[in-house]
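Look at the two complexes coming up: chain A is in both, with chain B in one and chain C in the other.
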Partner chain A sequence: MAKWRRNITPYLFISPFFIGYAIFFLYPVLWALYLSFFQQVGIGSQPKFVGLANYINLFSDNQFLKALGNTTYYAAGSIFLIVPVALVLALVLFMRNLHGREFFRLFFFSPNITAGVVVGIIFTLVFSADYGLINNYLLKPLGLPAIRWLQEPVWIMPAIIILGLWRYTGINALYFMAGLQNISEEVREAAVIDGANRWQVFRYITLPLLRPTLVFVLTFAIIGSYNLFAEPAILVGAQGGPNNAGLFMTMYLYLTGFRFLKFGYAAAIGYALAVIIIVLTVIQLRLLGVFRED
Partner chain B sequence: MTPATLVPTQPSVRRHSGRARRWLERILIYAALLFSVLLVGMPFIYMITGSFKFNSEIFSYPLTILPNTPTFDNYVRLLNGSEIPYVRQFGNSLYVATMQTMLTLLVASMVGWGFAKYEFKGKKILFLVLLATLAFPFQVTLVPLFLMMVRIGWLDTYWAIIIPGAVSAFGAFFMRQSMLAVPNELIDAARIDGASDWGIFWRIGLPLSRGALSVLAVLVFLGSWNDYLWPLIVLRTTEKFTYPVGLATLIGLYKVEYGMILAGAFLATLPILILFLLGRNMLLSNLTVGAIKG
Partner chain C sequence: MDSHQTGHRVSRRDMLKLMGAAAGTLAVTPMLAACATAIAPATSGGAAAPAASPLKLELWTFVNTHARWFREMADKYKAEVNPNFELNVSEIAYSDMHDKLQIALQSGGVGAPDLADIEQGRFGGFLRGSDPGLVDLNDLLKQGGYNDQLVATRQALYSYQGKTYGIEHALTPVVLYYRADVWEGAGVDLTKVETWDDYITEAKKVSTDTVKAIPFEDHGALLRERGSDWFDVDGNVMLDSDQSIDTMNKIMAWRDEYGIADTQTGGVAGGNDWWAAVKEGKWLSRVGADWYAGFFKDNVPELSGKWKAVAMPAWEKGGVRTSCWGGTGSCIVKTSPNVEEAWKFQQNSMLSKEGNVRRYEMTNLFPPFIPAMDDPRLHKPDEYFSGQDLGGLFAKVGPSVPAQYQSPYRAEMGSKLEAAWQDIWDGKTKPADVFKQISDEIRKTMEAEKAG
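Up next, the complex of A and B:
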């Protein structure tokens, strides 16, 4: 009896999680796969088997391709603008004898914990063409013409990337600072003694040693762009604004599944999204040499 | 923290000009930091001051930072529910976030304890399953989970948010990592004294993991408080909306009530601000745990 109880105890501890996991995660994941081979529109309608048709249709679905393009655009902005800026910020905040380090760390992080809806609300005013902060306080003093950020399709993605820069630089800088803390100072000092200049120390010592952090940050930058929903939905509407210029993947899934109630098709979008994220992550890990033996 | 030196030692001949250059550099860095603080802080300030302006002032030239004619009108009409039942929706958010936090903490610490302190058949594979879930895009489950909520009658109830939300793979992983540190000697001693497995978990495991529990509590609460997409999908009646869904409906109104929207956004940010300031140290130092090991 006592032995039986001892054997069952660990399972009792893990069972609430795994029961919930099976019901609210595993089952829906499998159901979504099943559903993606069916056509079902509306609650209670009879699902009709269509094989791979949902997946095939994605390739000729202009809105899906638009959302894919926009999401990729934002991901590129994230990788080539937000992450480098965060790295620079981290290096600056890591400098010796910097006054107010804690304040800056906290302050730059604060946009990250603000609700997406609130951020969308604030940035509607930031980007307003006539009464916006950017046009009136940044562009006008420089003598630049006002930009219709949220009305002109070409400016919508830059606007959302600026929003992303505001929102995600701080947290990424925190990750980089944590990574910097793990690099022993002796290594860098040794390089300096050997006559390396600052750029060389950064390029050949700091950056390679920062690789694990870089992998983590870049992976989350990509996943984050596929998760983006509240900010663009508030800024330009769930349809993505004029010409769907601000339509992101999760928004398109939301529209398809919950506005148009095309459940089968939305399930296929979900799986397409999962495959894309997994493939991108693997490619990225490979490029950064995570799988390399060293 | 040990700030590293990025500044190479200058040869003694160039010491003088080197020092001047370093001074100039420091000044430039502080100037850039302060300018960034302004850029990051401005949208927040504009939200707060805008909530004390009449709509006519928000949308007029020239832009003002401080209100010309400060007014509480936005707050009064927001709180007495002239457009949306804001107080009710704020309370709903508070209820949902609190319940979800408590339930997640319980489930996550139980499964974390099971993985950290017991050996059992299938432990390895179950843990791998858990890790794989961390990287899996949640969007896949949206449609089937919604259909499930419809089927079991949880649509338009808080169960639909709280219960699936309590199954957090991240929380489980996080608690397991920190519960590994609970000394086994204490557990053995308690067992010899005749404590039950549950008693050991409740009286030793949980109290010794207070730090991790509070970090997880803050993270889960923030996530739940700020969430928009899932509540938007499952909540249907205005009185049951959480505040992000409620505020979003204000945006779509035919009559632009931007001052009121800003007031609602500001009030909703206050709890986060308080939580953030109270828990900033443990939050900032624990947030990056995953990054270093990742």
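Up next, the complex of A and C:
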């Protein structure tokens, strides 16, 4: 009895987390999976089993496909623009004789601790066609024509990526700087002594040794991109603005579930989103050779 | 830890099993419970519980002026009718409040308030299932003789399949607001303008390349002025009707043929940009409901004394000169243990002359309650609008406010249209094509759900 008690004690200590996890995470996740096989629309309606119909409908749902395309567009921007810029920024901030390094770190990091909704509202002012910051203070002095950022469907995704660039470059640069700090100075010195130039040191020493950080940053970039909601929803409205050009998958899920009350279909969108994120993350980890034996 | 005997390891595995089972049970129990509520949504509970004192009722609203008014009404009710009455008014942001209320009603009234304001644009969503979880007020309204006192076309918004789930706060009569200084300066007397054709002729006199008489106005509001709407009384999609397409084509012609209009500054969602442009004097008139008067005061206070309002121009001579736009219904939640008390409170506030007059004074919403319309307090000269009796104008056009019919699919159609306007305005798509496509999509959804 005493032994039983002693054995159970540690589990009781950690149980609050698991109980909370079960109630607030596991249960909704399983319930959503169950719900995704049903058609249930509206308050007080009876769920009707429809098998895989919700999932099959996704393939012919133009708005879902549009949202998938938009979200992937943003994810690509995140991977091929935001992450490289963050890496360059980290390298610059890591330079030995940089003055005001602490200031710049804070400067680039602060957008990340601003609430997404606030960012969305502020950027409506930044991208305003007639009175906006970019058009009036950036493009106009350069003699460039004003862009209707939030009215022209083709400019909406670039606008959201610019927002993402402002918001997420800092935090990613911070990760890279942490990674850079872990690379021993000796390795680089050795390479320099062997006659490597700066590019070669970066390409053959720094970058490979940064791989764990890169994997982390890219994984979170993918997950973050597919989960992005507040900023675009505030910037262009929950339906994604003109021609749904800024409709993200999370926004479509929200519209379907909370505006149109198609609970079963919304659950299916949620699961589709999860599967896409998992598949992309695995592909990415494979490409970066995480599963490879070193 | 790791140095212990193997027995420990076995017990750990047992523990994990136990925890798994516990987690499983935890997960399944509420699932079954939720399942039960989903299958049998609470239909009882409406019968009032024995009045325990004090009576505490909860009310949700998303408008701060409504909240203030409800609090005052509650104090009055407490003083005059029931000293045990207490009303807690929660002010919750628009989307949040409607989302939370839907979820609460969907889960059988768990955490739902006793009374709630529901905005008409979101109301359709509540009708999507078989039972919105709100009290049907039909018999109560009939017994109290209120049906003759409320403007019937407004009540249509909260009525569906013979049931009435809410009482409208506002008449929302639509009028034409205009920059009196500019129009009068150009020698135009807009009070003499009767039809949109007349309006176009006059508007040419004040429009230039950078200053326009009017933005592309709300298609729905202008369509309702003609007696139609996106849905008809039976819930059929009317968006692609000839009249609907013609209305949009005529709006576009304001710019394309007559040069008096343009896209609203900032586009569909360009609130800040729009008001900045108004302030600069780029826009000279605007179609808006009674609540829009307050927007002028809040956003461009410096233009006080420059704006006035007239009845909307009609589509043909002698036609209807107003429309309706927006609105919010006050509803009672079915699962509330205090339905009776909530209804009494509504009678005292939403359905009393004094309540309606006070609401106008506090919120600028012209009441849809006919006995209150003549009260002198509704007809005070409005300083912002050069001392005009706006209430008089609202009361004059009030009786002809058209109906707006509710549909469970209105929110979904609105969402699709919102994404479509900009391309229509930019001339990239044709109203006829877009309306047809959206109508077909909605019809398809309706069909699928009917079959389901």
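We take it that the second predicted complex is superposed on the first by the 291 of 294 C-alpha atoms of A that agree within 3 Å, B and C clash if a C-alpha of one lies under 4 Å from a C-alpha of the other, contacts with A are read in each partner's own complex, and residues count from 1 in each chain.
What we mean here is this: a residue touches a chain if its C-beta (ideal position, glycine included) is under 8 Å from a C-beta of that chain, and two chains touch if they have at least 3 such contacts.
Here the structure is a predicted model, which is why all the values come from computation and not from measurement.
*Asks:* Please tell me, clash or fit, for chain B and chain C sharing chain A in the overlay.
*Replies:* clash
*Asks:* On the A-aligned overlay, A:244 touches which partner chain: chain B = first, chain C = second, or both, or neither?
*Replies:* A:244: touches chain C, not chain B.
*Asks:* Once chain A of both complexes is superposed, is A:47 in touch with chain B (first), chain C (second), both, or neither?
*Replies:* It touches chain C, and chain B stays clear.
*Asks:* Figure out whether A:161 sits in contact with chain B (first) or chain C (second), or with both, or with neither.
*Replies:* A:161: touches no partner chain.
*Asks:* Identify the partner contact of A:31: answer first if only chain B is touched, second if only chain C is, both if each is, neither if none is.
*Replies:* After superposition on chain A, A:31 lies in contact with both partners, chain B and chain C.
*Asks:* Who does A:151 touch here: chain B (first), chain C (second), both, or neither?
*Replies:* second
*Asks:* Thinking of the overlay built on chain A, is A:259 touched by chain B (first), by chain C (second), by both, or by neither?
*Replies:* A:259 sits against chain C, while chain B stays out of touch.
*Asks:* After superposing on the shared chain, does chain C or chain B touch more chain A residues?
*Replies:* After superposing on chain A, more of chain A is contacted by B.
*Asks:* Is A:86 touching the first partner chain B, the second partner chain C, both, or neither of them?
*Replies:* neither
*Asks:* Have a look at where A:236 lands relative to chain B and chain C in the superposition and call it first, second, both or neither.
*Replies:* In the superposed model, A:236 contacts chain C only, not chain B.
*Asks:* Just chain B (first), just chain C (second), both, or neither: which does A:18 touch?
*Replies:* Both partners, chain B and chain C.
*Asks:* Given 148-156, 166-174, 184-192 or 202-210, which part of chain B has C-alpha atoms clashing with chain C after the fit on chain A?
*Replies:* Clashes with chain C appear only in stretch 148-156.
*Asks:* Once the two structures are fitted together, what part of chain A is touched by chain B and by chain C alike?
*Replies:* 7, 11, 18, 21, 27, 31, 43, 124-125, 130-131, 258, 263
*Asks:* Quick check on the complex: what are the chain A residues that touch chain C?
*Replies:* 4, 7-8, 11, 15, 18-19, 21-23, 26-27, 30-31, 34, 39-48, 50, 124-125, 128-131, 148, 150-151, 153, 236-244, 247, 255, 258-261, 263
*Asks:* Spell out the residues on chain B that touch chain A in their complex, using ranges where they run on.
*Replies:* Going through chain B, the ones touching chain A are 1-9, 29-30, 32-33, 36-37, 39-44, 46-47, 50, 58-63, 106-108, 110-111, 113-115, 118-120, 123, 126, 133, 135-148, 150, 163-164, 166-167, 169, 172, 197, 201, 222, 225-226, 228-229, 232-233, 244, 247-248, 251, 258, 261-262, 265, 268-269, 272, 276, 280, 284, 287-288, 290-292, 294.
*Asks:* Could you please specify the touching residues of chain C with respect to chain A in the complex?
*Replies:* Residues of chain C touching chain A: 8, 11-12, 15, 19, 22-23, 26-27, 30-31, 34, 38-39, 41, 95, 99, 102-103, 105-106, 122, 125-133, 263, 265-270, 272-273, 276-277, 408, 411-412, 415-416, 418-423, 426, 449, 452.
*Asks:* Within their complex, state which residues of chain A touch chain B.
*Replies:* 7, 9-11, 13-14, 16-18, 20-21, 24-25, 27-29, 31-32, 35, 43, 89, 91-92, 94-99, 101, 104-111, 113-118, 121-126, 130-131, 133, 136-137, 166, 170-171, 174-175, 177-183, 185, 188-189, 192, 196-198, 201-202, 212-213, 215-217, 219, 223, 226-227, 229-230, 233-234, 249-250, 253-254, 257-258, 263, 266-267, 270-271, 273-274, 277-278, 281
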